[in-house]
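In order of appearance the chains are A, B and C, and numbering begins at 1 in each one.
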Amino acid sequence: MQDFAASFFEAFRLVLGLNPGLLEIVWLSLKVSMTAVIIAAIVGLPIGAFLAVARFPGRGLLVVTITALMGLPPVVVGLVVYLLLSNAGALGPLQLLYTPTAMIIAQTILVVPIIAALAGQTLEDLNGEYRDQLMLYGLGSLARLRTLLWEGRYSLMTALLAGFGRAIAEVGAVIIVGGNINHVTRVMTTAIALETSKGNLALALGLGIILVILAILVNALVFLLRAAAERSAYA
Amino acid sequence: MKKTIASLVTGAALFLAAASFVPAYAGEFILLQSTTSTQNSGLYDHLLPIFEEKTGIEVRVVAVGTGQAIKNAGNCDGDLLLVHAKSAEDVFVAEGSGKQRRDMMYNDFVLVGPSSDPAAIKGLADINAALKQIAAAKAPFASRGDDSGTHKKEISLWKKAGVETVAHSGKWYRETGSGMGATLNAAVGMEAYVLTDRATWISFGNRAGHEILVEGDPDLFNQYGVVTIDPDHCPNIKSAAADRFVDWLLGPEGQAAIADYRLDGQQLFFPNAENGDS
Amino acid sequence: MPILPVTAERLFVQRNGRALLDVEKLTISGGGTTVLVGPNGAGKSLLLKVLAALHQADTGRVLWNGVPPDRQRYCRFGMVLQTPVLLRRSARANIEFALRAVGCNGSEARERAQSALEAARLLPLANASARVLSGGEMQCLALARALATEPDLLFLDEPTSSLDPASMQTIEAMVRSASKDGMRIVVIAHDLAQARRLGDEIIFMHRGKIVERAPTLPFFQSPGTEDARDFIAGKILV
């Protein structure tokens, strides 16, 4: 319990002191995870949309697989990306191992199934509701999908946020492919892992508290944007 | 209104995406595959700024267990290797991955345990006797179990004491499969004995009721070595910059800097590079 | 390329061994308003969806002016589904969306949406989110949206099912005036009085089949079949 009190104190000390080391780590965490989510959205939304409207043999199996991949263990993804990016691996010449880009790649792989599966479900429901009406507008399948994406934007935002939550909180993948290098690839979670291994539990927990606050802030921001957009639709 | 919000979000997103592809440092750097104790004890925070100031070469540290560090370096994912498992390092060189291995510094391992000391080993000067007593008492013992330098050392000590730990794994002998810090946290949590290098112990923040019980046995000697990578094996590595760092580490300046590093007034590492080649 | 006449041959739809739709031959052409009546589950909505090419029949074919339906001609066609489907935007934006889909530019869409809202007495709700309207308001909006594009052919699936009497009169007036302007209309009605008020002719369906098709007056005065007589008399058909 003493640790708990101490860690809240640490968290406040870190935040109030605007510790430049902390800012660097927070900024990198946000940069890596947000980029991963944006790329995962660019990849995952079309996959989800395709699954929502297309009917082909094996579709059920694909849906089950992608849904199951939402639970991909980060360490496994980290390992696979490491083996690919290692100088001994297929993509070694790109020299990406131990860079933020490697971390973005790993997190993107983790987040794509989440966005694809959640967006697929959302869009499938919406399609059931809207298909006939959009057909009556004479829209082709691409134009229908575009409309569905726009109509489902708030639910899809939730899918993106779920992906972001997964990305910002995972440590297993980024610590392997990023290497937790100070000033280069150290993010919130790997810093927490490091401080824990140093036995600085209060500091580790303090960083954890900041991570949670950060996640809350990002979600609150999206919530406010959504509320503002909805208000403007009613106005 | 809706449009402005949408374009604002898109703009911010694109900015973030672009920003993250700009590398944090553009200058020259080398990648050091390292054991964890040198990082966790804060030694690098003391040494690297001095070297970087002098040469402009940034040293990026990937701190993992000795076993993994050697494997990563063998995959050419590092320009230099700094670990503490001499026999494994020699194999690394003999196999052709490493170019040259040299002694850099030493400290020692200590046996740490709860102050209740159920195996009554406190103050023993003989690690061999202490381990035998722990086995006889079936007192909990936390092992790294991760193929690290410390783990290798621990295995050799049990072997010497004639204790077959495999038979007791999961009972009083508990393998955490984790780094030194995580294993220390576990040992504190389950009131277990544990072998650790002194530097990690001194800098460890969560000692609770644990203390050093056995130390000073010559068998507990802990040698750190630095191994350069063979450019024939890894053509892409930055040999020249790595060699400069090694020369500095093993030279008078680096050795003095190692000796200077203190935590709580205690010296953590003792330089012992031979001046010349080993 | 016109959409009329709409013809159907040997349409058949079945689910789990039950025939939901079984229509030998049907032609919608000329002008006026056809009212489709029949007990619940008779297949009225399904027939309109098949004719509108929203649903593919198991066998048989639907032709629009002699050729299979194509996407382009939806701009000459309007339909209000039994449960109106509105986009998650304002009432006005819903109408503008439909107008732009048939090729209106921005200012034209704005003007026509404005007059459609006026005609349907929806101006006070123009900027409300379409998804929060009452059931009746949604039906009004869906009809206004379908009329705004001035289609040659309009299908209405129970357009007044959740309306109060005043709104029902508004809507019936809009339908009648569109019909007078030459729009071909097929409307499903569950209310026989409404069928009399709107219809030039009646199609009576039962168990997926077209049982009778006749001008309105003769249909109600002297139904040609036992089933139609029972239906008009309010007896339960099995």
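Please note the rule applied: a residue touches a chain if its C-beta (ideal position, glycine included) is under 8 Å from a C-beta of that chain, and two chains touch if they have at least 3 such contacts.
Every value quoted in this text rests on a predicted model; they were computed, and no experiment measured them.
Seen from the Cα centre of subunit A, the chain whose own Cα centre is farthest off is C.
No other two chains have as many C-beta pairs in contact as A-B.
Chain closest to the overall centre, judged by the mean of its C-alpha atoms against the mean of all protein C-alpha atoms: A.
Subunit A and subunit C have CA centres that are 46 Å apart. Remark: subunit B and subunit C have CA centroids separated by 77 Å (rounded to whole angstrom).
Averaged C-alpha coordinates put the centre of subunit A at 32 Å from the centre of subunit B.
Chain contacts: subunit A has residues 233, 235 touching two or more partner chains.
Contact residues of subunit A toward subunit B in the complex are 28, 30-32, 34-35, 38-39, 86-89, 92, 95, 97-101, 104, 179-184, 194, 196-203, 225, 228-229, 232-233, 235.
Taken in their complex, subunit C has these residues touching subunit A: 49, 52-54, 71-75, 77-79, 81, 85, 87-90, 97-98, 101-102, 127-129, 132.
By the touch criterion given at the top, residues 129-130, 132-133, 135-140, 147, 151, 230, 233-235 of subunit A touch subunit C in their complex. Of all the residues in subunit B, the ones that touch subunit A in their complex are 1-2, 5, 9, 13, 16-17, 19-21, 23-25, 31, 36, 39-40, 60-63, 72, 74-77, 179-182, 184-185, 203-207, 234, 236.
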